[in-house]
Amino acid sequence: MSLRRAPGFWLLLAVTLAIGLLPIVTGNPMVRETLYTIYLAIALAGSLNIILGYTGYISFGHVVFFGLGGYVGLYLISSFNTSIWLAILAGGVAAGLLAFLLGSAILRLRGAYFALATIGINEAMRAFVNNFPPFGGPTGISLHFSVYQPYGGATQALWLDYGILVALTLASILLSYLVKSSKFGLGLMAIREDEDAAEVMGIHTTQSKTWAYLLSAIIPGMLGVLYYFKNSSIEPSDAFNLASSIELLVMVMLGGSGTVLGPVIGAAGYEILRGYLLLSRLFRDIQLTVSGLLLLLVVLFIPQGAVGWLTRRYPRLRQVII
Amino acid sequence: MQYLVDGLLIGCVYGLAAMGMTLIWGVMDVINLAHGIMITLGSFGVYLLATSLGMNPYLALIIAGAVGLLAGMGIYKIAIQKVLDTSHLSTLLATFSVNMILLGLATQAFSTNPRSLDIDLGSITIGSVTVQVTRLLAALVSVLIAAGLTLFLKRTTPGKYIRAITDNRAAAELVGIPSQRMLAFSFGLGTLLAVMAGGLIATFFPFTVLSGDAYQLKSFVIVVLGGLGNPIGALLGGLVLGVLEGILPAFMSTSWVPVIEFVLFVVILLFKPTGLFGVKK
Amino acid sequence: MNVLQVSGVTKKFGGLKALTNVTFDMPEGQVLGVIGPNGAGKTTLFNVINGIFHPEEGRIVFREQDVTGMRPDRLARLGLARTHQIVRPLNELTVRENVMAGACFGREDHGLKAAGAIADEVLEFVGLADHSRQLASSLNIAEKKRLEMARALAARPYLLLRDEVLAGLDLAEIAIMITAIRQIRARGVSIIIIEHVMQAIMQVSDRLIVLDYGQQIAEGKPEDGMQDSRVIEAYLGNPELAKKLMGSELDDGAA
Amino acid sequence: MRPKPLLRRVVILLIILSLAACSRPGEEQQALPENELRAVIGFTVSKTGSLNVESTRQTNGLELWIKQINEAGGIKLKDGRVVKFEAKFYDDESQKDRVQQLYTRLAIKDNAAFLVSPYSSGLADAAAVVAEQYSKIMITTGAASDSTYQRGFSMVYQVYSPASRYLTGAVDLLKAGDPAARRIAIIHENDKFSTDVANAVKAYAVDLGYEVVFFEGYDTGTSDFAPFINKIESSSPDAILGGGHFQDGTTFAKQLYEKQVAVKMVALLVAPPEDSFVEIGDAAQGIIGPSQWEPQVNFTAEGAAKQNLSYFGPSSAEFIAGYQALFQEAPTYHAAGGYAAGLILQQAIESTGSLDTVQIKAALDQMNIMTFFGHILFDTHPDSHGLQVGHSMVYIQWQGDPSLSLEKEVIWPLEGATAELVYPLR
C-alpha cells in the first residue's frame, strides 16, 4: 500500500485541498470561518487517531497539547514579538516534548488507567498555568492588535492563519496515512490488538508507543498557536477544556477509529451537525441533548464508526477506503 | 485543628460521591462520565422536593435515592448493556452521551442559575473548632451509607452476587448468577450513591446544573486514591482528599491546591494503581 | 555450537517454586520435547527463556550470548520466536498482516514489501494462503494455531518455542503438523516443543525433558525416558496404580 | 437476526436526514415599507454554559430598548429615512470556540449595522478582533476588564465601568466609614475579570496607606471555601474585598457567615447586587456589593445640568416600569447595561442623523452625556481607546433585620445614597 498506488488517499487529499481553497478563491470570510472550525477539528481528530485509533490508547486529555502549544506560541509572540512561523514551530516542539516526557511515564498504564492519567495531566496543567506568572496566570495572555500589522493587518493575518491551517490539516492526513501504511504503523496496530503478543513478536512497545504519542501531539501543538493567535487571547479554562477534548474522541469514534478517512469524516460530520444545531431555530435550545442522543445511537448501533460500517457492509471497499 | 475537622467532614461527602463511581467501575470496569450530572440531579431532586413539597431534605434524600436507583437501572439497560463488553472507548462514550443528554435537559429545565437550600441548623463549637450542623449531619449520613453499603455487599445474597461478578464475571455466570440483572442493579446502586451524595451536598453548598463536573473530577482522584472497586477505600480516599484540601492551603496559596491534587493523582496511578488501600487488580 | 544453554534456572512466585534448578543444553538443529503433567512449569520455562519472566537464579545463554533478564522483544530480534498455548491472533488485522508483523519485527527486520513476500511464502507453507485477506478473527481454532506458527516462522528464528500447538487437533491435522515440524527442522531451525500428544512428541523429538513440580526428573532419548518409573508416576499419580496400569498396558503393546 | 440491520438502517437514515436538513436553514424576510430601513444589531448570548443568567438579562435589556425604539417609530435620519432595529443573536455556549465564527456570520451574512459584545471579558476579546477587522462598531456591556481596551482596538466602546474602578469605591467607603481601619484582605476568583479587579484595588489600597494582609485567588468553580476562610481569618483583616462571579460569591458569603468570621466590612463582586443573593438569608446581612446601576439610584436631568451635561433617554423610573412590564421582574444592572448599549447607539445616530460607521464613531468619541445608567464618556487616547471613564460604580449594602426582611440600600456615591453605611456589618 505504498504512497503511489493508494487511490483512496490521493482522492481524500485532493478533496480536502479543494474544499479548503474554496474560501480563498471566493474570498468569502464567512465560509472561511465555518470551514476553520471544521478543518481544525479534522486536523486534531486525525492526530488523536494516531494514539487512539492505531495504538488503542485512549488519550482523554489530548487538548493539553493544543493548550500548551497555544500558550507557548502566544508567550513568544507577546513577549518576544516572534513571527507566527517561529511560534508555530515552538508550539509543536513544546507539545512534542511534553508528550515525550509524559509518554515514557504514563504509557506504562493501560486502558482506563491511561485515560484517567491523561485527564489528570490536563487538569494539572490547567491548574499549573493558572498560577504561572509568565503565562499571565488566571488572566492569560492577550495580544495587542498591532501584532497583526507585520502580516498586513487583521484581515490578511486571519487569511494567512487559515491558509496555514489548511496546510496543517493536509499534513495531518498525510502523517496519518504514512503512519498507517508504514512498518511503524503495523507495529502500533499489533500493540493495539494484543500488546503482550506484540512484545513477544519483537516490537519495542514502549518506544513505539512513545513515538506514536509524540507524533499525535506535534500538530495539535501547532494548531493551538494558530487558533489562539486568531483569537488574540488565551485563558487557562479555555485552553485546557476537557469537554472539547472528549468531543475529539467522539469525532474519531463517529468516523471510525483506526482508519485514515474515519477521523476526517467524523470531524467534518460532527462539526457540521453541531454548527447546524446551534444555528437552527428548531434545535437551538436543546442542541446539547440532540448531539448526545445522536452520539448514543452511533455508539450503540455503529460502534465501528461510519468507515468501519462501510467496509464491513461492502468488503470490496476495503481496498479503496483507507 | 479547625482545618483538619473541616477536611474530614467534607471528605466524607466526597467519599460518598466517589463510592458510586468506584462501585460501577469495580463491578463492570466502566468509568461513568455521567457521574457528575447524576450528583447534580440528586441536588436538584432534593431541592425540588424540599422547596415545593416542603419536605424535610433528609427525608427527600431517601426518595431521591430510590428514584436514582431506578433511573440508574434504566440508563444501564438503554445505554450501557449493549456496549459493556466492547472497547473501553465505547463504554466511555456511551456514558458521556448520557451526560450530554441529561445536561442538555437539566439546563433547559433549571437553567444555570444557582440554587441553595437555606437550611440553617446553626453550628456547634467544640473547643476551638466551630462546625456546621448541616456538614456534620452530611458526614454522618455519608458514613452511615458507606457502612450500609459494606454490610449489603458482605452480608446479603445480592451483595455477594455483585462481589462475585466484580471478581470474575464469567465464573459468576457459570455458577448461575443472573449477571445482567445484577449489573443493572449495581449500576442503579452506583447512581443511588451519586444522587444521595448530590442531595447531601445540596444541604450546605449552593449548586448549579454545572457543579457536577467538579465533583466528578474529585471522584476520579478519590477512586484511584482509595483503590478501584473498594467502597470503604473510596470513603477513606475521600477523607484523605478532604484533609488535603483542608491542610494544604495553610502552606501554600489556595490556587496551588488543585495542582498538587492532580499531580498526586497521576503519580498514584503510575506507581500504585491499586490505590493506597489496595484491593482488586 | 549450542543454540541454547539453560543452567540452574530457578523461578519463584512468592513462596511457590515454579522452576527449580533446570539445566540443559541444546545443540543447534535439535528438536527438544518438554513433557510433564499440567502445572509442571513447562509454560513457565518458556516464559523464562523468552524473557517474559526473569529467573531468580541461573543463567540463560542464547547462541553464546548471555540473555538472562533480557526483554522479550530484544530476544525476538536475536532470533527466538514463540507460539502461545492460548492463541493470541491480532484479531482486527488480516491473516497476511499478522504474519507480516512477525517478519517485520523478527530477526531479519524486513521492510513491508519483503515482509509481504515472506508472509505469502510462509502462509503457503502452513496452508493458510487462501485465507490471507481475511481478518484473523474469522479463522477457526486450528487455523489460528497454524497462524501463530506461521507468524513465528516468518520471523526466521534460530530457535522456535512451540507451546501445545497440537492440542485440540484431530489425527489428520496432527500428521500434517508433524511433517511441518520435520520440514522446519530440515531448514536448520532448532525447536523446543511442549505437547501432551505423546505419540507426536515421540516421533518428532530428538531428546526429551520431563518436568514435574518444576523439577527436571528425567532427560534423555524419547524411548528410554518413558520407562523411567518416576515419569509414569508423575503422569499417573500414585505408584501402585502406575504399576497395575503399567502391567496391563504393556501386554496390549499400545504405545 | 432480522431486526438489527433494520434498526441500524433507521439510525443511519436519521443522521443523514439531520445533516441534509442543515443545508437550507430558512431565513424569512418581512416586507418593508419603502422609506423604512431595518438596522440589525448582532450579538451572541450564552444560552447554555455558566454565564447563562447574566447573559440572558443583558439580552432582555437590549431587546426592551429595541421594542421601545421601534414602537416610537424608529429614528429619523437626515436623509428622511426612518431606521428601525432588529436583534440577531446566536448561542455562544459561554465558550470562545464559536464566538469568532458567529460574529463573522453576524458581520457578513446578517450584515449587522452594530455589534454588541457577548457577556464576559474573555468572549468580548475574541469578538473585538472580528469587529475591528470588519470595522463594525461594537458596544461592550458585561465586559469590564481593562485589558480589552489596551490592545489597540478603535471600534470597541465600553458601557460598564472598567474592572480597575470596580472596588476602588469600596476602599473610599471604608476610609469614610472607619478611618482607623488599616488591614484589608483581598480575594479573587482565578479568572480574567476578578483578577483585574483584585490587582487594581490592591494598588489603590496600598496607595492610600492600607496594609493588604491577605491577597489570594481561588480556583473557578470552588464550592468549599472552608480552608480559604480559615486562612483569611488567621490574617485577621478589618475588611474583605474581592470575589468573582455570582455562584462563588454567594457560596463564600454563606460560609463566611457560618464560620462567624470577625470582620467589619465585606464587599463582594457581582453577587450582592443580585436580588436572589438574599436567598442565603442572614449571611447576606451587611454585605456590600459594587453595581453598575441600581433602581434606587436616580440620575436626573437637574443633576446632569449641575455638571453641565445633557441628559439623554428615559428616567430610571421609566426604564424600570418598561422592563417590569415586559419581563415581570425588576431589572438588574446587566439588564440596565444592555439597555444603555442601545441608548448610546440611539444618541449617536440621532446626533449624526446617519448610520455611517465613521460618523457614528466620531459621535461616540466626543459623547459626554448623562443617562439613567449614569455618566457616559469614552477615553479616546490610542492605547486605551473606548475605555469607559465617565461612569462610576454604585455600591449597595443589604441592610435591615435578617429575621424580617433585608433591603438593598445604595450607600455610595453619597449624592445617590439612599441610606447610611452600616459599619461594622453585624
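Going in written order, the chains are labelled A, B, C and D, and every chain counts its residues from 1.
Definition applied: a contact is a pair of C-beta atoms (placed from the backbone, for glycine too) under 8 Å apart; a residue touches a chain by one contact, two chains touch by 3 or more.
Quick caveat, the model's predicted, so the values are computed rather than measured.
Contact with chain B and chain C alike is made by A. Minimum number of contact steps separating chain A from chain D: 1. Ranked by distance of CA centroids from chain C, the top chain is D.
By count of C-beta pairs in contact, A-B exceeds the other of the chain pairs B-D and A-B. Per-chain Cα centroids separate chain C from chain D by 76 Å. Per-chain CA centroids place chain B at a distance of 36 Å from chain D.
Mean C-alpha positions place chain A and chain B at a centre distance of 32 Å.
Chain A and chain C have CA centres that are 45 Å apart. Contacts with at least two other chains are made by no residue of chain C. In chain D, the residues that reach two or more other chains under the touch definition are 48, 190, 217, 219.
Among all residues of chain A, those that touch two or more other chains are 127, 130, 138, 285, 287-288. Chain-to-chain contact here is organised irregularly, matching neither a line nor a ring nor a star, and falling short of all pairs touching. Going by the touch rule set out above, the chain pairs that meet are A-B, A-C, A-D, B-D. On chain D, the positions that touch chain A within their shared complex are 7-8, 11-12, 14-15, 18-19, 21-22, 25, 47-48, 90-91, 93, 95-98, 100-101, 104-105, 108-109, 122, 125-126, 128-129, 132-134, 145, 147-148, 150-153, 189-192, 194-196, 217, 219-220. Contacts from chain A toward chain C in the complex involve residues 2, 181-183, 186-187, 189-190, 192-194, 196-205, 258.
In the complex of the two chains, the chain D residues touching chain B come out as 48-50, 52-53, 56, 190, 216-219, 221, 223-224, 226-228, 230-231, 246-247, 250-251, 254, 258-260, 276, 279-282.
Of all residues in chain B, those touching chain D in their complex are 2-3, 6-7, 10, 104, 107, 111-114, 116, 118, 120, 123, 130, 132, 201, 205-208, 210-211, 213-214, 245-250, 253-255, 257-258.
For chain B in complex with chain A, the residues that touch the partner chain are 25, 29, 31, 33, 79, 82-83, 86-90, 92-94, 96-105, 107-108, 217, 220-221, 224, 253, 255-256, 258-259, 261-263, 265-266, 269-270, 273.
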